[in-house]
Every structure is written in C-alpha cells, then in structure tokens.
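Handing you this structure, nothing more for now.
For reference, chains read A, B, C and D in written order, and residue numbers begin at 1 within each chain.
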Amino acid sequence: MDWEVKIETKLKDGILDPQGKAVKTGLKSLGYNNVESVHVGKYLELVLENIEQKNKAAKMVEEMCDKLLANPVIEDYSYHIKEMEG
Amino acid sequence: MDWEVKIETKLKDGILDPQGKAVKTGLKSLGYNNVESVHVGKYLELVLENIEQKNKAAKMVEEMCDKLLANPVIEDYSYHIKEMEG
Amino acid sequence: MKAGVVTFPGSNCDADVFHVLKNIFNIDTKMIWYKDKNIKGYDLIVLPGGFSYGDYLRSGAIARFAKVMDPIIDFAEKGGLVLGICNGFQILLESNLLPGAMKVNDNLKFVCKNTVLTVINNKTPFTNQCEKSAAIEMPVAHGEGNYYIDKEGLKELNENNQIILKYKNKKVNPNGSINNIAGICNKERNVFGLMPHPERCSEPLITPGKSDGYNIFSSIISFINKRGGKIAK
Amino acid sequence: MPNKPWLSEGLTEKEYEMIVDLLDRKPTTTELGIFGVMWSEHCSYKNSKLILKNLFTEGECVLQGPGENAGIIDIGDGQAISFKIESHNHPSAVEPFQGAATGVGGIIRDIFTMGARPIANLNSLRFGELNNDKVQYLFKGVVSGISSYGNSIGIPTVGGEVYFSSAYEGNPLVNVMSVGLLKKENIATATAKGEGNSVMVVGAATGRDGIKGASFASDELSEDSKEDRPAVQVGDPFMEKLLLEASLELINTNSLIGIQDMGAAGLTSSSAEMASRGNSGIEIDISKVPTREKNMTSYEIMLSESQERMLIIPKKGKEQVVKDIFNKWDLHAEVIGRVNDDGMLRIFNGEDKVAEISAKILADEAPEYRRETKLPEYIKNVNEINANDIKSEDYNNDLLDLLSSPTIASKKWVYEQYDYMVMTNTVVGPGSDAAVIRIKGKDKALALSTDSNGKYCYLNPRRGAAIAVAEAARNIVCSGGKPLAITDGLNFGNPMNPEIYWQFKNSVEGITKACKKLDTPVIGGNVSFYNESPKGAIYPTPIIGMVGLLDSLKDKTTMHFKNEGDLIYLIGKNVEELGGSEYLELKEGKVDGYVPQLDLNLEKRVQKTVREAIKENIINSAHDCSEGGVAVNLAESCFENNLGVNIKINKEISNKALLFGESQSRIIVSISKELASKLENIAVENCVPYGKIGVVEGTQFKFNNLIKLDVEEMKVKWETAIEKKL
C-alpha cells in the first residue's frame, strides 16, 4: 500500500523564531491587528510506497523525522498519514 | 473568540521543487527506498484574537495568504481553523 | 603534517581552505571526496564553508549523513583535530560533534561582511597563537549562523571554556546568536566550529592589515607540530 | 489547428507564410512552436541584428567575439577571460526572487559552457521609486534571488549598480554579468559536427517549466502577465554547482566536439544552433530525454526551459567518459540522438517523426527587420538647464539629501547580502569604483565594472550610451586597470515603436563610437526589447559591462582617502552643466536638460594621466566623478576612513554646477604633498586640465564657503538611506 504523509516542523516553544517574528510584523503592518502570534516552520509532503501497515509507515516517518527532517535540538514535529487513493 | 490557524504552503504542480528533490535524495541515501516523492513548503501557525465568526477569520486568513504568506505566482496554500481552547 | 579538506556535493569554500593550507602554509593537503570511507593518515580534517547539498532543508542536515562522516566522527572521537568553518560548523552541530543548533539569522537575510570578534579562549589547538581577549577581525558569509543552545548547554559551554570566539558585542553580532557566540569547541578541545571564515583573511594581499585568520591556521599547525604529528590518545 | 495558428506562437502572418514557403508545406504543431521560439526576438535578434552589425568588435585581445555563448579575451600567460551580460527583466517582474535567481544561473552557464570557471558576477538593476510597496517587493525579491543563487553556487558577486526611477516601475531591469577564467587551450565551442556522433543531454531532468519563456521575453508586460505563470522557472543552484563542476571536468578531458547550455528555448535552440554552427544536422528522439513529469508532449519537451541542463556532442566513443563524469556528480547524461550531415533538425518521438526543419533556417534565417525610426517628440522639448532654474536654500541640506537619495546612497544593504569574498580573490569588493579580482598564482588582476545612466540615454541616447562606455573605462582606470573589452546589455522598449527604435539605433552608435575611441571592443551582449509597462517604456538603458586588467597587483587603487594631509586634485575640467543631473531631479523633480558633453579625446587623455600616475605608484586614491557631481564624489571618498576634506576651488561656473554638475571626464585623486609635482607633470604632458582643489583634513567636509558638515553625519545618512526606506 502507498501512503501520503504530511509533516510539519516548527521551533520548540520558548525558542525565538525570527521568521515568525518577521511575518507577524509584516501582517501587523498590513493592518491585521488580530494576529497574536506567528510561528513559521516547514511543511513536507511525502509519498511512501509499498508498506503494508500503517503503523510500519508511521514508524518509518518518525525515524526519518528524528534523523533528518527535524532537528531535535530545536524543532518539534507532527505528522499525519493517510492511505493513498487510486 | 480566538482562533488557532494552521497554514501549509507548497509549490504548484509542475514547478521544480529543488528542496523536495534534495530531501528525497537525502532520505534515499539513508536507505529509505520507499520514499516516492517529497515536496517541501512552509508551515505557519497563527493565533487570531477577537474575531467573532469562524468565516470572518477564514476570510482574513485567505487574504493574508494571498497578500503575504504565500506567493500566489508559484505556491498553493491550504489552512485549518480551530477555536482556541482555554 | 597532513591536512584533508572535505568536498561535499555543493561545497564551495573547499578550494579556498585548500589554497591557504597548501599555498600559504605549504602543508601537505588533500581533498577528500564525500563518498570516501577511508581517511587514514591525516592530522587535520577541515569541513569547509559554503553550501552542502544546497542546504535546502537545514544547513548541514544532509551532509551529516555523507559516507565520509563516519570515519570523521571516528577520527574526532580518537582525538584528531577537526575544524568546521561556517557550513562545516553547521555539519558538526548536525552530527553532534558539537552541541547546539543553528537557526536562520535574526534579520532573515544572508550576511556577508567583516566582523569584529573577541578571542575568549586561547588555550586551544585552534587559538594558541591568538592573544586572549584580543579583538580580531574575520569576515562572515552565511544565512544560518544564529547559534542556539539551551540554558544548561550554555552553562556547560561556559564552565568548560568551550566558547572560543564571540562577536565583540551585540551591535556587531551579525546573526543574533546566543551570547554573541561565533565559535565553540568540544570538551576535549579537538573539534572546533566557527561561523567566520579564517581562510578569507589569511593573506595580507586580499585583506591588508587584517589577516587574523592566519593565526587560526598557524595555531593548528603549531599544535600539531608540537604533538609530533601523532593523534592524541 | 486553430484559425490563425501563428498567433499563439507570437509569429506574424507574413512570417507564417515565409515558413510555409521555406518548408514547402504547412508546419506541424511542434514545428510551429519551434519556429515561434527560434524566430522570437529573444533568440533571433530579428529586430536588432542589422543594427548590431555595426558594433566595434575587433581588437588585439579578442579571442572570441559575438556569436558564441560568451566572448573571450586574452590576458596573457596562456590565460583568457570569458564574460557576458544577460537580462532577466520580465521573469523578475513576475516573480522577482526566482526570476533574478534563474537569471544568474543562465549567465553562469553561458560562461562555463565556454570552458571557463566563473570567478565573479556583477549585477545591474533598475527599479521604480522605493516609496511604493510593489517596488519594494520587487527590489527585495530580486536582491535575495541573486544572493541566493550566487552565494549557493559559490561565485562572488563583486559589483554592480542599482538605480531607482519611476521609469522602471512595473518593468524592473535585472541584468547579470558573469566573468570566467580559462586556459586558452580549453576554449570550448557550441558546435555539432561529425556525422554519427552522439548528442547527449546532461544535467537536470526536463519539466514543463518556462515553456515559451523566449516568446514571453519578447512581449510587453501587461496586466495578464500574471497569467504567464507556467513561464516561471525555479532555479536550483545546487544542481548548477554540480553541473558546473562536471562540465569543467569534462571539458578538461578533451573529449568534446561541442557543448551548449540550454537557455531560452531549451532543447530547440541549443540543438538548432549547434547544428547550424557546424553546418550539420541533428536528430533527436525526445522519448529518450529524462523528464520530471509524466506524459510530456514533444512540443513541451522541445520548448521547455527547465534550468540547469546542457547539450553535449562528445567525440566518437567518448560517451562513457561523459557518463562517468556526470554520474560521479550524481547527474543525468543520456544519449538522445545523433549528428547527421544533411543539415536537418529531425525530432522523433520514438518512431514518429514530429518535426523536420533545416537547422540553418531556424538558427540563421529568421527574418531581419530594419525598423522605422523617428526622432521622439520629447527630445524636441529638451531644454537647456540654467543654474537659476533650480531653487535652493541651503547646500548643506542639498548634499545630505543627495547622499540619502537611493540612487546615490550606499548600496551596502544590497551587497552585504551577496557573498563577494568566496573564492578568496576579491582584492577590492563592492563599494569602490571597479571591483578588483586577483588571478591566483600570477601578479595580475581583473578590474570589473558595469555602468549606464538611463536618464542620460533618455535625453540623448547617443551621448548617454557613449558616456556609459567612457564611465566604465574610467572606473577601471581608477581601480588601476587597463580597459580591455565590453559586453553590452541593451534594454529598451517596444522596437515597433519608431521612437524607441530611434533610441536603440542611436545608443548603439554611441557605444560604437566610444568603443572605437577607447579601444574596447564589444565581445558579446544581450538585447532586451519590450521593456514597457502600461505606463510606458523604460528609459533606454544600454548597460556596459567592462573588463580591465591590472598587470601588477601593486596598481590596485581604491577611491577612499587614506591620509590626513594628502592633497586632492581634480583631473579634467568643470563645466557649467546641470542637465540630466541627479541634483536637478532631486530639487525640481525633472529629467531634462542637455546631457553633459563628452569629448572622447579629452576622456582618453584624462584616463591616460591617471593610469600613468597609478603606474608610477604616486597616488593614494582615485575616484571617477559621476552622479551627484564633485560634492557627492568627494564625500564618497571620505567615508571609509572617516576623513574630512577642506576644498577650495576657484569658481568659473555657478556654485550649483560646481558642486553637483555631472560633467564628464573628471577624476578626483589624492596624493601626498611631496609627489604632487610629479602628478602635475604627467597631466601637463598629456595636455589635461587639472586643479589642486583641496586637502584631506580633519573630520569635517568643507567646500569653499558653501558646505560645512560632519563626515560622520553624512556617512550615516548615506549608509542607512536604503534600509530606512524599506
């Protein structure tokens, strides 16, 4: 089975996020004063092929995140896995 | 009411995604041969304060994406809005 | 003594360090290909600056898994001298040879300019020819040089005198790094990573009057010569 | 096929008829697409060829003139320099970051295609006024695009220029020049020869990006340009770095007949041009081209402008050498066809033939048009500017205002985003007159500069273009070099407009005249027409990129004052001229007046004087006097070392012209007292007017009794002006 994986990474709470800060300033200067906080991270979309069980795919995703896709020193990540259609 | 907003941007179909390509190569070289495709985009988390209706918040998010958060020439975006707890 | 400079796919300051070691210091220097698994006989390994694999994900993240990194980690663990400049520093962080992580510069822009630094610790293989507390000048050129480490980590760095170089003050800090940190070493003092580029200021010709990078390399060479070309331990 | 199939390919009905005539049948869809791009302005130069023929292209140092991917000059010791400028204006208007980035990638490929290792880039930029969100967006995006691509690939961006004027609002100019070093014996050419030789495609896979980019560049920008989205390409500097290293490694093995980058019109133009140059034909099976996307049609594969690809003709039996080298760098290298000897470009999709056209017809037989010219109306209304026409209260304020106008202000905000030091050859980086790049292992260096003043060219294209050449040469001389040769980036509006074509023709004449006189041939360049937005055409902007040689590193000279007590001399003559000046525009909001005179004989002698003085090793700084006049140029020389000046000039002209007039052929130098008489002798020998105008002293800027300011205050204004506007 093939899996569609979506991963989000972002800086851990408490670590200053320069990009988030800049985006917030940008939004405020456009007049969006309701914006309270902004965090910017990365979004990854993967397709994993030929893995039989969802939990195997999940394990693989976690491994990939821990090793490469996120930096555990400063980043958290979350992910969703869905079976591919078609 | 306050809203938690999550936004993902990614390159439109057909536009070269060097980041995705590089990450895919990286994952393959780590032995993750089930990885079929990788796309990399941006992930944003915002908090919007004091907006009464969800659809008003949604409209604002779309506006912000069109104007600043995504680059409409090369990127698509999607978002989710949720009422803040607490 | 023999030095090796690693070329990762996309490295672009490899030739620059090579030039300094080989032509300015007349050291036997070899380029090391990122797929090499065998790196015997070196006294110094340099991970050069530039970009590896385009650095699209995070600087140094993919390079850290290049084949050559296993023997380099091994070399470092046995006490071999490893110098990581700019992207090389980022790779050392990603591979946990040094603690902490790199974020994008505070102003989100790539920055290329000369910076004024203070030598915090001159009792290392990399700074023994520098004066302590001296203000030196070296250029930086990076987009992700905003060094971060958590509180305990920072405390440990301080307690062990692992902070070697700092930007002189907050005003001249080009990237927003914590405590103005510009370069650190490991506890054992044989692995050194720094954001500034010593190889860009080792020749009076191109940086008249400001050749402070020269002292970094001459420190390394003098250390190795004293040690007799043998790896410690 | 639709009713008027030529329309969607940007061809005229006449051209379509020509095609039917040449083929003796109706073209297929793919063929028509191929004609569309090959006969587009961008590829065929159909509207400019006849004019460009008049350029001065010969000189002792020229090894390769116009006609290849880039020109080449000889710098002695068996070494040569390849350089060229290229525009990426329209892509940058639509997507500034990627547009500029891929512009950098494209010109770099032109250089290493010649067998040269790129060692320096320059960029020449024009934007609207900075007080506009859209302009700021374009400006920031373009700068970070150039920075991102150039820094990542590891080629220093060492110089350039940025002007801001409403004439470029909506149609910014992004011209990038790249300079490479090669051994004479390694010169590569873009030729396909030898029946049966393989044709290989190397580098990135082909996607649907940038289809018809060449025709896009040959059209005006309109409101629907946003719809040209598929034309946006994303650059991959990492891929290009690998391609660069692999290509140079390959060229060194002497295994090639020819190599050509795929720029505008991709596979189509590279194959047709290579075949045509070698009087051969090429057959390609597009089903063998590695693609990035599924189900691409032959039309798409032939017209894709995916970046970071090259076409290669290896010598017989050397295919494996190519594959081995490219595989080492993790790049594709596929045989996709062969060279034939009947001159036809034949495209197959597997067994099916989808196109068959003579390569010569495509590459060399596009129609050539001599367009109509007409003296523009506005030129008739250009008025002489009298100093009294400009109202001014206080010259202190005027000078501060000029220093903080974005066009004159420090470009630090821009160049600090560029890695200008990588490769460790940058002896003089951005911020002085010309950049100086040493050649490792030799006691010599290159001096590099780009120049063009669009206002001058608007008011008087012929003189303005000549001034651009003269100024570029002056910059080289001030840095210690001897001007050698130029590349020209010709940016204009719509050539169908006779007034625009008049600007174009006159500009080229001006360049030709100056190049002849200064003995700096044109070895290549680029034409970019249709630079218009709904508000009208840009200023005619012929950008001159010049390369000079320092035959010893000790000649290196910067514009900065160095020692308290040094005397300041002005070599050249102050004339009562305020036309086209920054001062006039600042104070009166006008672009008007007679452009400063240019006496090329005097120019030559002024340059010779300064060059001789530098060779004698007697002067401590030299700075070409340009936008903003003497006052601004003196100020710029004060900043680096925070030194003041005390200037006393006997005035024969108005205060305004003296301070801010932009008379040509002037260079300001500083020199120690003891050596001053030597300088005077050199000037006298060369029959050049000169004047001792003051002394380097203190930390204040004093000019007659007209200006008195703290250098520090001026410097802060000048350095922070651009940042403050953003």
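We take it that a residue touches a chain if its C-beta (ideal position, glycine included) is under 8 Å from a C-beta of that chain, and two chains touch if they have at least 3 such contacts.
Just so we're clear, the structure is a prediction, and the values are computed from it rather than from any experiment.
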Contact-richer chain pair [B-C vs A-C]:
A-C
With chain centres defined as C-alpha means, what is the inter-centre distance between subunit B and subunit C in Å?
35
CA centroids of subunit A and subunit D: separation to the nearest Å works out as 41
At what distance in angstrom does the C-alpha mean of subunit B lie from that of subunit A?
9
With chain centres defined as C-alpha means, what is the inter-centre distance between subunit A and subunit C in Å?
30
Considering subunit A alone, which of its residues make contact with at least two other chains?
42, 67-69
Where in subunit D do residues touch two or more other chains at once?
236, 238-239, 330
Going through subunit C residue by residue, note those that touch at least 2 other chains and give them in order.
53-54, 56-57, 61-62, 65
Pairwise, which chains touch?
A-B, A-C, B-C, B-D, C-D
Give every residue of subunit A touching subunit C within the complex, in rising order.
11, 15-16, 18-19, 22, 42, 67-69, 71, 73-74
Along subunit C, where are the residues that touch subunit A in the complex?
57-58, 61-62, 65, 93-94, 100-101, 103-108, 146, 148-149, 176
Contacting residues of subunit A [partner subunit B, same complex]
2, 6, 8-10, 23, 26-27, 30, 32, 34-51, 60, 64, 67-69
Where on subunit D does subunit B make contact in their complex?
94-95, 98, 204, 207-209, 226, 229-230, 232-236, 238-239, 292-293, 306-307, 330
Residue positions on subunit D within touch of subunit C in the complex are 144, 147-148, 151-154, 236-239, 241-242, 329-330, 415-427, 438, 440, 553
